Every structure is written in C-alpha cells, then in structure tokens.
Amino acid sequence: MNRIVTAPPAPARSAPLADRFTRIRRAMVDLAAPLSAEDCQIQSFADASPTKWHLAHVTWFFETFVLEPHAARFRAFDPAFRILFNSYYHGIGAQAPRAERGLVTRPTLAEVLVYRAHVDTGVQALLAERGGDAGIEALIELGLQHEQQHQELLLTDIKHAFSRHPLRPAYARRWPMASVRPQPVRWFGHEGGLVEAGHAPDLDGSFCFDNETPRHRTFLHPFEIASRPATHGDFLAFMEDGGYERPGLWLSMGWDWRRTGAREAPFYWHREDDRWRSHTLHGIVDIDPHTPICHLSYFEADAFARWSGARLPTESEWEHAARALPAGGGAGGPANFADRGAFHPLPQTGAVGAEPVQMFGDVWEWTQSAYLPYPGYRPLAGAVGEYNGKFMCNQFVLRGGSCATPAGHVRASYRNFFPPDAQWQFSGLRLARDVGG
Amino acid sequence: MNRIVTAPPAPARSAPLADRFTRIRRAMVDLAAPLSAEDCQIQSFADASPTKWHLAHVTWFFETFVLEPHAARFRAFDPAFRILFNSYYHGIGAQAPRAERGLVTRPTLAEVLVYRAHVDTGVQALLAERGGDAGIEALIELGLQHEQQHQELLLTDIKHAFSRHPLRPAYARRWPMASVRPQPVRWFGHEGGLVEAGHAPDLDGSFCFDNETPRHRTFLHPFEIASRPATHGDFLAFMEDGGYERPGLWLSMGWDWRRTGAREAPFYWHREDDRWRSHTLHGIVDIDPHTPICHLSYFEADAFARWSGARLPTESEWEHAARALPAGGGAGGPANFADRGAFHPLPQTGAVGAEPVQMFGDVWEWTQSAYLPYPGYRPLAGAVGEYNGKFMCNQFVLRGGSCATPAGHVRASYRNFFPPDAQWQFSGLRLARDVGG
Amino acid sequence: MNRIVTAPPAPARSAPLADRFTRIRRAMVDLAAPLSAEDCQIQSFADASPTKWHLAHVTWFFETFVLEPHAARFRAFDPAFRILFNSYYHGIGAQAPRAERGLVTRPTLAEVLVYRAHVDTGVQALLAERGGDAGIEALIELGLQHEQQHQELLLTDIKHAFSRHPLRPAYARRWPMASVRPQPVRWFGHEGGLVEAGHAPDLDGSFCFDNETPRHRTFLHPFEIASRPATHGDFLAFMEDGGYERPGLWLSMGWDWRRTGAREAPFYWHREDDRWRSHTLHGIVDIDPHTPICHLSYFEADAFARWSGARLPTESEWEHAARALPAGGGAGGPANFADRGAFHPLPQTGAVGAEPVQMFGDVWEWTQSAYLPYPGYRPLAGAVGEYNGKFMCNQFVLRGGSCATPAGHVRASYRNFFPPDAQWQFSGLRLARDVGG
Amino acid sequence: MNRIVTAPPAPARSAPLADRFTRIRRAMVDLAAPLSAEDCQIQSFADASPTKWHLAHVTWFFETFVLEPHAARFRAFDPAFRILFNSYYHGIGAQAPRAERGLVTRPTLAEVLVYRAHVDTGVQALLAERGGDAGIEALIELGLQHEQQHQELLLTDIKHAFSRHPLRPAYARRWPMASVRPQPVRWFGHEGGLVEAGHAPDLDGSFCFDNETPRHRTFLHPFEIASRPATHGDFLAFMEDGGYERPGLWLSMGWDWRRTGAREAPFYWHREDDRWRSHTLHGIVDIDPHTPICHLSYFEADAFARWSGARLPTESEWEHAARALPAGGGAGGPANFADRGAFHPLPQTGAVGAEPVQMFGDVWEWTQSAYLPYPGYRPLAGAVGEYNGKFMCNQFVLRGGSCATPAGHVRASYRNFFPPDAQWQFSGLRLARDVGG
C-alpha cells in the first residue's frame, strides 16, 4: 500500500489537482521574479542551493518520479539533467557535488524556465490521460509538497546569499511593518497521559510525509506551554543578562559553538552605532522587539529556555497542544505564511484567548526532540524512500512552519528538522515547562 | 534532597566504603602498571586523554568535590592542579585546553602517584571522622563511580595511543584466547505496553547517575531482541555482501562519513596478505569471527542492522529486556568485564537458555535512542551538575558495559553515550525488530 | 619622476593611445562574448575571479587611478564600486573579500558593460582634453597593460570554472589543430659574465612594470638553454619512467604536495579508457604529444628538469637568451599569443635555426628564480605601488607569455610570478644546464 | 670527490676527532639533563620534535651513514629504529610520520641513552681502527655538525613545548641578566662590485655543508649595513607607531598572516597589567629593550625594516660584511653562543669600533634572500644528498647563529633557512640600505 496518502483520494480530484499543480508551480517562478540571472546562479554556503537549482531540481523530481515511470511518450528534456539536478537520491544514480551547485552555469536560468514548461506540459498531459490513478496522483502530490519545501528554501537561501553581498541588497523592500506590543506570556496546561501522535488523516488532511507515520501511542507527562513564541524583546533581555557569556546556560556543544564562532547575537545581526540591526529580506532594519525571534540555532533556543527557567517542548507535546488549532490561523487572524508576503515574522495581533497563538507560521519552533523514526516507521519503497529516513541523525525537530512556508503546507503532525547549529531558517521557539516536576 | 543516592545508605556503611575506596583506587594504579612514564604522557587524539591525566583527574575530583568542601584541615597538594586537572567543570573555574593534555609534562607520573596518595589519605581520614554522613558518602561514591569510568577510558585511550605507534606495542599479551563457535541468533519477544524506565533502587542498587532519573513511564510497542550481540563473523558477512559500498544501507551522514574517510572496515582493522587483522590490547591479532564485533561507530551499527533486515533497539527496549538479568553474568557464566583481564570481547560460552546472553560486559551496545533528558530530568545542583546533562546533544545511548568496564559498575538503567562517529570504545550492537510491523 | 615609463612619450602619442585604448578595451569584451551572464558570475576557486569581476575591476582601475585624480568633471558611476571592485589596494580603502567575488551578483553583467562604456567615455574625453600629458598617458598605459593581464586571467579562470562543471563545456571549440612533430632539442650555449638585466627601453619598448627595474648588472656563469619548450610527449616519458613516484626527483615541498594531493599527472588531465585526456578551452581532447606541456606547477617543472639531467634556467639566463629574439615571433612564424585564437599551446613549426624557438607565447616558462626585488628596486609611489612589490615572497618567476597572453604585451624583461603550486596558468618550461659544472 | 670537506684532513686528526666526538655527543645529553622523561616525550607542534627524538635521531645518523656502511662488525641496536628515527631520507626508506613523533613512547628515554652509548662505542672503535680515512672522518664530521644543529633545535623546541604548558615552566632560571644600554646604530658602507661568495676553506675552516658551495662570483651593488642587530626597544617603537596595523608596511602574504592570526606582537609575548612580558627559557620575564629582538617571522622583520626606511640585507651582502670578523666574537668580547648558557640574546657590550658587532651569536639574522642553489650547486651523492638541496623552495636565508647555537658551529658562509612564517627560532634582523639608490 502506498504510504504517502493514507486516505484514498476521490476519483474526482484530478481537475483540482491539475489546478493545484498549476498554482504551486507558478508560485515558485513568482518567488524568483525579483532576481536576476546572476542572483539565481550563486550558492553562498554549502547547505544552501542556487535559486536556479531549486527551480530545476523540483522539476527534475516530477520528471524522474512521475513522468519517467508513468508517461510512456514522455521524452527527457536533457538526459544530463538526471545528474545535474539530482540532490541526494543514490537510488537514481550519480549526483553533481552538493557544495558545487553554484558552479553549474549551464543550463542558464532561461533554459531552466523552458525545462519547467516542458515538464509542466508533460504532467498536465499525464493528468488528463490518467487522472484518478491514485498512485500517480500521490506522486504528483508528493512532488508539489516537495516543491513547496523548496519554495521556503529558495527564500532562506537567497536571504543568506544577499547577506554575503557587501551591499546587502533587499529581496523585497516592504518595511516597516506595523508593530504591536505583544501581551505577556501565559501558560496553557496539559494533563498528559497516553496519547496518539503522528499523522491523523481526519485531523491533518490526507497528505503527509512518511516521517509522520505511523500514528502511534506515546506517553506524555503533565506540562505547560507558552501562549506565544519568544520575541526579539525576550531574547534581548537574555542577551542583556549575559546570556552569551554564561557557560552554565548552554549545552557543552553549544558553548563550544558559541566560543569558536565568537557569537554574541543571533545570526544576521550586527551592531551599528550602539544598537542592533539585522539583515532581512527587506534589507537592513532595526530590531523590532515585538516580533518573534528568529534565526536561532538549537543551541541558542535551548540556552534561552534554560535562562527562562523553562525548557523547549518535546515534539509530542507541541503536537498535542497544536491539535485543536487550525493550521491556517486562529483567533488572531490568518497565520503569517509566505503568501502574506511579509517574509518576516510579525508581531502578535489580537488578544490571547483560550488557546496559544502563532503556533503556525511566523517561525519554526525548535523542540527538544531529536529527529528519529516513530515506532514501526518504514520509509517509502524505492528511491523516493530516501526522502526523509536517511536524515535521522544529529538533527532536531521543528514544528509549525514560518513566514517563508507556503500557506496550506504544514499541519500539526508536520516534522521539519535541522542540525542544532543551523541558523539560516526562520527558526525560533516557544517555551514549555514541567508541572509538579 | 541529594539526587545521587536515591535510597539512604545505612550508617554502618563507612567501613565497607573505606575498603571499597581502597580497592577501586588501587585498581586504577594497577591498570597503569604495564606503562612507562612516556606511555602515560601522551594523548593520541583530541578525545582521548593521557593515562597520567586520568590518574590525576579522578584524584582532583575527590579533592575538589569531597575534601575542599568537607575536610576542614585538608591542604591542597598543589593549587595549580585545580586548573591542570579540571576536565570541563566551568563551575569550578578555568581548564587547561582539552586537546593539549598531552603537553602537560609536569607534574611527572611519579608526582601524580604521590598526589594520589596524598588525597587517599585525606579521604580515609574524612571517612574515619565523618563516616555515616550521607552527603559525604554519596559524594565519595560518586567519585568512585567516576573513577571507574576513567578506568575504562584509560584502557580505550591507551589502546588508541598504541595503535599510532609504528610498532604497535601490546598492553598485555595474552593471546590467543579460547574460541567457541556461538550458536545462531534467537529472538526473544516482548509485548510492550506502558512500562517503567530509569533507575529503580530495588532492582539496580542504590547508586545511579542523574541521567538515569527520574524513573518514569514510557510506552513500548511490541518488539523482539536478539539472543546475543552481533559477532565479527556476522559483520564480515555484511562486508562481503558489499555493506560498505551500498549507500542505501546507510544514514546520509553515515555515508558521508564512510566516504570522506574512505572507510571499508571497522576501526583498528587492516588488511595483511589477503586477510583482515586487528590492533588489540594484545597487539596485532587475526580476526576471531566468534567474538562480538567491536569498535563500530553508530553509523556502522545502524547500517549493519538495516542490512540484517532488523534495527537497533531503543534504549527503553534494551533496558526492559535486561531487567530480569543479573548484571554480573547469567547462565553462561560471569560477564566479561575488565576484572577478567581479557580486555577484549570473548565468544559466547554455554547455550542460550530462556534469556539473552552477554547483555552485560563484552561490548557496549548502540541503541537507536538519542541521548536526551528523561521527562522531568533535573541535573544535580552545583558544579557536579555538569557531569551529564550538558552533553545531551548529538550523542547516542549505549548500554550494558564492555570488557573494559570494571565489574560492578553498570546496571540495567545505566546510560553511556557517544557521538555517532566514535569508534575507539568497545562498541558493538545487538539487533532488535518490530513485531507485526 | 614617474617610474612607469622610463622613456618620455612623444607628445604626438595621444591619438594612437586613444586608438590603442579602444582596441584593448574592446578585446576584453570580445573575450567574454561566448559566455552567458551565469558563466560570468562564478568563481570556481579562491585564486580565480569571475569574468564579470575582471570586466569591472579593470574599469575600476581606470576610474580610480586615472579619472578620479585627473578628470575634474568625472562623476563616479556608482560609489559602491570603489569597494566592490578594488582587488587588493589597501591605499584605496576597503575591499570585498577576495574569496567571495562570486557572490557579488549585483551589478549584473549588463550593468557592468554600461559601467565600462561610462568609463571609456571618460577616458576618451580626458585624452581629448589633456592628450600629451605624460603622467596621465603613463597611467592610461598602465591601465591598458593591467587590462591585458586580466584578459589572460579571464581565459585561465573560465577554463578552470568550466573544468568544475560536470559537463565540461567548451569555451570555443576549434579542435583538432594541425599537429607537427617537433624536432629534437638542441642546446644553445652562452658564455655568461657580467651582463645587464632588467628593462631596457631601447630593446623592450618604453613601457615596463616597476618590478622590471632598475636595469642592473648581474653575473652569469656559463650555461646552455634548450631550443624549445618541453612538450607533452617529453612529459609523458617522465611519467612513464615513474616520475611521479620517485621522491628523489622532487623538492621536499613538492613531494608533499604530490602525495597529499595524490597527483599523478598534470592538472586538467584524466584517464579515460587507458589513455590520458585533458580539459581545454576546446573541451575534452586527447593529449597531443607534440605541443608544449602546460599547466605544470613549479614542483612538476623542477622534477621534470631534474629527471632530464638538467635544470630550470634562472630568470637572468632566460632574459639574456631571449634578448636577441623578437617578442612577436621569429623564424618559425608569429608567436602563439591569444590573438591567434588557438587558446592552447601549438606545436613547433619550422626548423630551429640559429636561435631558440617559442620563447614568446605558447606557455609561460618557469624559472628557478624566486620573485624578489632587483637591487635598488623601489615600488611606484602611492597606492599604485601595491601593484607588484608586495607580492615578492614565496613565488617564482615565469617568462615569455603564453597562448592566453595578448600579443604585444610581453617582452624579454617581463616578469610574471606565481606560487610554486599554481597550475591553472598556461605554465610550462624550457630546460637549461651548466657548462663545465 | 667528497664534497663535504673541501680541504683534506691531516692524517693525525683522528685523536682530536675522537675527542671532539666525545665532547659534542656529551654536550647534547647535558642539554637534556634538566628535563624529565615526560618533558623529553612531547612534540608541541608539527615542526618541532621531542627531545628524545632529537637524541635518538642524531644517533641514527651515525649508525646509518657511518657505521652501517663502514664498520663491518657493527650490529644495529634495534632494526626498528631505522624507521623510527629516520627524519626525511627517502633514500634510506620509510619514516614514521613527522607530526606524530610525540606518539613514539617506546623506546623510553632511558633506552635511547643506552642506544647512544652503543653507537658511541661503535664510532670510537671505528675511529681507533680506521682513523685517518678521509671519507670516514668526513662522514663523522658531518654527523657532528648535524648533531650541533639538533642541539639548537632541542633548545628551541623545548622552549616551544614549555610555552604550551599552562604553568610555563623554566628550562633554566638564570634571570635577570645584566643589561646594558646599546649604542645608537651606526652604518658601515661597502662598495660592492664583483666579489666571491660561498665557502672559502682558508677563511671559514675546512668543513661546510654542500649548500655553501661552490664558491662563486656575484655582483654586489653599493650598500650599508647596521652596526648591530635591531633590539627589543627598536621593535617596541615600531609597535607603538602602529606597525602591526599598517598594511602598507607589509608584504601581502605577511599582512594576511598577521590578520588571520590576529598577531599584534612577536611570538611568545603576552600582555600583563599593561606591559609586555615574554616566555623565555628562564620562564616569564619582562621585555628587556636593550637585547636583540628575537622570534620574529620574516614578515615581521621585513615590515620592521620597511618602517625603518631600510631593508634586510641580501645574504651575499651579509656574508661580505661578516668576512673580516671572527666568528667567535670580536672587540665586544666572546659571541653569545649556547656554550655561554644565557639561552637568550644579550645586550651589546662594549663600544662599536671599526666593525659591526654581534653578527655571530645572539640571534639569527633574516636576509632578503630566498634559499636557492648557488650557481653550479650539486647535492652530495647518495641519501646524504637529501640534507639540504631538496628544501630550496619558499624559505629564506638566515645568517650568523644564535644564543642557542653551539660555539664553533657557524661561519661567515653558513646558510640557515626557514619559511617566512617561522617564529620559534631565535630569529631577528640587522638593517641594510642602498647607497645612492
């Protein structure tokens, strides 16, 4: 049984899927619109990828996993792309070196856009012909989810690239944004006990990645979780209290990381005339204390939580707390996903009522859970099984999506993951604490 | 409340503790006996320490945490040692650089032995005076447990050091050891359900480290565990089947590790006239296929398990399976701890009966569990709280002790931990698998 | 006195200089014509620069050293370029990081071409207004010589960049080129004695770089020099004789370089179906044994010379031997400079007569001379004095120009210099030997 | 013809040579006397060697090059030493890794001393039997000269090792030493012209290394040289004038070295309560402004010279200026070589008269000459030819010996050499300048 879609799609879905395909594929080209061919070419550090590569790789994914096996008449756009735009699928064959994606000047951006059109045509033809085939539709859906992930990476990677340009260009200057003073943190208690975790089709929608399965029982101890993410202002208080100078607040590995890197503030910050400023997708701006803190490593999030007399939530706690909430936003209005166009975390709007706010959107929230398989986890069969499982080592889980995540992409069971020193994502945190402990 | 000893010691314990102190302190000097002053000086890689440093550091631990705060008349042997032999306790003050311990030529080995005698006298005097004081006895017990850990490291570190000497000297040549063909693997099933995990004084004895606490509930899914650890013969079959050349068997990070290091066999192995040989504490010997495989990284253990169609156990599964077994050995005779003097894993002796064998001793067994805090975990108060908690990042848990572990040191709830690329410990594995999956 | 031009230019020179300016500036844009905006963006290793950067930096040179101080009405195209395109002139101010030139996506290639036009206009206006001003003309001439140097680097850098592309694109496919078997090496003897070295306006033309001055006396011992550069065929004989495996042939530092890099052939070579092939500006081609060997490090050139029972010439010997020869080519026809469009060393044509052949063009020839100041050397005053002098450390002198050097750029006294491990230039060698020794 | 000794030794020399052998061999053991077995074991950075290794390697030299080929009845002390104590002679066979000499714990120091005695006996027996054999005596002389070089390295290497010990132990505390204010620098002029350079038996004594040959003509331009080496006080003036912050004073490679290493003072200096102090073989001491500056890299010496409006001398200039002076000291008393026991440069004593002072002893003086072969240079035949020639790349020549050089070891033609970033030798400088320039 195909594990990507846990509930069978209705036969009538193909027309919506064709529309959805068009819409999501178009969104990615739109994200690249403010960029020149030169901007799209470069790779500013080994973990990032060029915009052009993102545009091509997600296309390669459809070509390789959808069209080649299922579209009899499909002709590869260029056989060399099989290697050039394979990311890490050993099951497919060789890959160009990951750290040298920025050296692949050919095909040009223009040619990649033609490649996209070629594959788009192929997928639409396949959908027209075999719409309703659950296996094919599941693969296309996987491809779209994959593309949405790369849309987020496109934004975080170009943000990084521009941070290395001496003139710090802006991706889209729409600053300042209205600022609202957030309310003090409140705590929401949970009793714990034996609960269900992992993807639940009735709650989360039919699609999920394999790493969210199987749904399984787990035991939670009583805990409380904060009403909102920690803000830039909260984090400045940590800094002013010597947070970066006190080894007792840090994991041993975190302290080494801090010291060898001489870090004394979050990524993208710099000091200017006695105040902190920050590189954003809007260019260099002043720190707004009321917005959720972002670009923290796990080490910084963990140290901040310890300084706060609290801790990070486990991923099960986070998921349990988020279960009742709508992923698209709650009482405080629609969540701040990429479609809002803010490309930066926004301050809390509206009062906190009966439930936490900003669990979805704004910033990914570090949890204290290592990224490991759920009990009984099995990767997808075939090369596509390399999607998630092989990365389950030395990474931590983040939850909830960010201001760079496409709307509709995440859900309560969604597991993002990064190594503890990663900072270039919109990564922040929400505090938790034991009850009774 | 002091969290080290969870059951209060009886007042009459001081005489036995004094004897135990003498015995364990003496054991460490005995382990250094085959070594020259030069052997004791060197540090062959950054994670290892010189024998001399081990001898001094464990002594520093008693001086710093027992005598300074509790022995009014005690005079420090040399105030400079406070820095020289502090490992990583920021709460105590500065430390000499970890990677340069091999450059601390002064004090000499002879002076360190005098230092040991000085502190021994101090501790015995304190015990004579204030025997029965639960807090003091708990700290002394912690110091002894700490010393036992360093006894194991002394052996693994000198093994590494000798492996870098062009002539590969032997620490203690007692080879060959009788070899017995082990029986085929059998599987022992467990039903799972809500179980208790963590240190249980009635089952594990009164002492434990803080990372084994608190005892807590966790939910296990049904699983099976192998009757014995994987052997060198099992691992050779993996190698002969191309195990080191098939990326699909490896974690992504493991595959990178394998490739950048051009690894094609376990640590300490080399090819000689078409057969594999290995550096041991007995010098260079042939591979004995019937002994438990050791010096595996987590990456290799994980890849081997995947190749076997199984997986590594979680630490809770391992602990649950070990609960019924005596830590000192079972039906198959006494466990192979350091006191046996083999300093190498030994083949299974005797038939497997109603329970797994060799869970204690021989080799530390990698689990698939990241080293993280138990729910409600709190480190000890004060500098001694840096013992465990601050290392909970990017490490995996190993269980059961090895042929280099002092007898009586480990228990079912004992959590050892190393990064996934560590190989210089006696680290192996035991397979597990899902039931029903 | 201005040291660039040692003979004063005639007042009538401005019209020719304006033409020369147009021609040389145009040549560089022509060299970039086969490249896309993406090709022009990248930097494939730290010592190389993007094509776009070359195009901008040489323009910055005119703007900074000619227009800013001398053209009253000139307005900087963009003040930010002062930093973006400064290479290493501390006297001018800050510089963008050398290794991150590939990250400067803005300005785009198109904008850089506009920048070039803006500065071209400025220089032509200045020449029209103040033509005949010796100081200004000397600076313009320096700028043109500088631009010619970067024309060569443009070619060698894009050659390197394309070597890192998985598909190895060609810059200009004009292969195969006619091949002629060269004649055996003959030796030309020189008596030595007290000779003059360094730039001689009457022999070398009026322009020179400061590192060619002052003309000075030096003492040469009797020597012989080979009639032609060593060829690919000569070097293959060295390889077949185990040249890369015999430490006795190598400098100690060269042997370490060879071993740590596992080098067994010149740069850009790879083995394919039992024969050697090479990456060129024409794509991948077979080795042509009759062409001068190129892309050798000093280490390889030195080892080859030792294997040949000879040595590299000193730079004074080379210069002395080249004195009588026309830099544009001799009996064998015009020299193979970049204007020929071969972009690869060509085989010797015509018989060797009374003098060595191919001393100019084809390949730069390593000498055994460290790059050091001549007796009495003084750098130019001001920031432009950073051009040469500050690099006089751990580099070796090469002479004669290559197939990537613009025609008319080099002369007998011209000193090129690179570190001994540099391979990405068209660097080869010509043998020399002692007489009587 | 054997090139080591250019004048044949008289037959009667064997008794003096036997005495000389005893005396020099004894001197090295004496230098190690203040050190423990642990001190003698360690290697504090890759370019240094353990004291024990020095003691063994020089012994290996006699065993390998003197006894094995010439003493028929000699039996190797331990065949494994052939590899363990070979430094870099590929002609002899394999070598233990250079950077891991500190890991060779066996043989122990005691065993190495026995090894020394074994070889001493062998050499004395050979001398008794075949005394007067010019070839054998030349090899023994070479071995003694070699041993003297390692005596200097023993001191500089242990100085470095102690600098890495947190307590900075002293090798021999004899401080303070009498300080005398040196006189102002005076300049001694030389006319230049065609001169002879290289080893001259009648002036320099019969022994020399091959790199001092052949004696050859070279042309000197008029120059002046300073009466004394630059002092700590001179260098402090450079520092106070911002010498470490002005890129215009530095070679490009030197500036990078300074910046990436965040260097702001000479090696071994540190700031303490607003004054500079320095690690010496006498422990930590205050800077004495009147002593010659030492532990400079070439980069620092060169920048200081440029700041002084002068330059470093070439090696030919230095040699020419030193020709008339006695190597053992002049008007100002005996030179400060290691036999004085100061192990630190001493202030000038006595007035400067008709000639420069302190050209021999105190500090090695950097010259601006790259270490390259003299015209017509040929290395010795056989493995011993690896002694010098293969290091002629990316090193600079130093002249004159230092306070760690054994008396009688150097002469005017002696060429020492180190890479430009080397600092752990007693390396300083003496200024020179052009005349008329």
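Letters A, B, C and D name the chains as they come in the text, with residue numbers starting at 1 for each one.
Operating definition for what follows: contacts are C-beta pairs under 8 Å (C-beta built on N, C-alpha and C of every residue); 3 or more make two chains touch, one makes a residue touch a chain.
Everything numeric here is computed off the predicted structure, so don't read it as measured data.
Counting only chains that touch, the fewest steps needed to get from subunit A to subunit D is 2. Of all chains, the one whose Cα centroid sits at the greatest distance from that of subunit C is B. Work out the mean CA point of subunit C and of subunit D, and you get 38 Å between them. Remark: subunit A and subunit C have CA centroids separated by 48 Å (rounded to whole angstrom).
Shared interface positions of subunit A, i.e. residues touching 2 or more other chains, are not present.
All chain pairs that count as touching, in label order, are A-B, A-C, B-D, C-D. Of all residues in subunit A, those touching subunit C in their complex are 36-42, 44, 52, 80, 83-84, 96, 100, 102-106, 108-109, 161, 164-167, 169. Those residues of subunit A that touch subunit B in the shared complex are 88, 90-91, 194, 216-219, 221, 247-248, 250-255, 298-299, 368-370, 372-373, 375-376, 378, 386, 390-394, 420, 434, 437.
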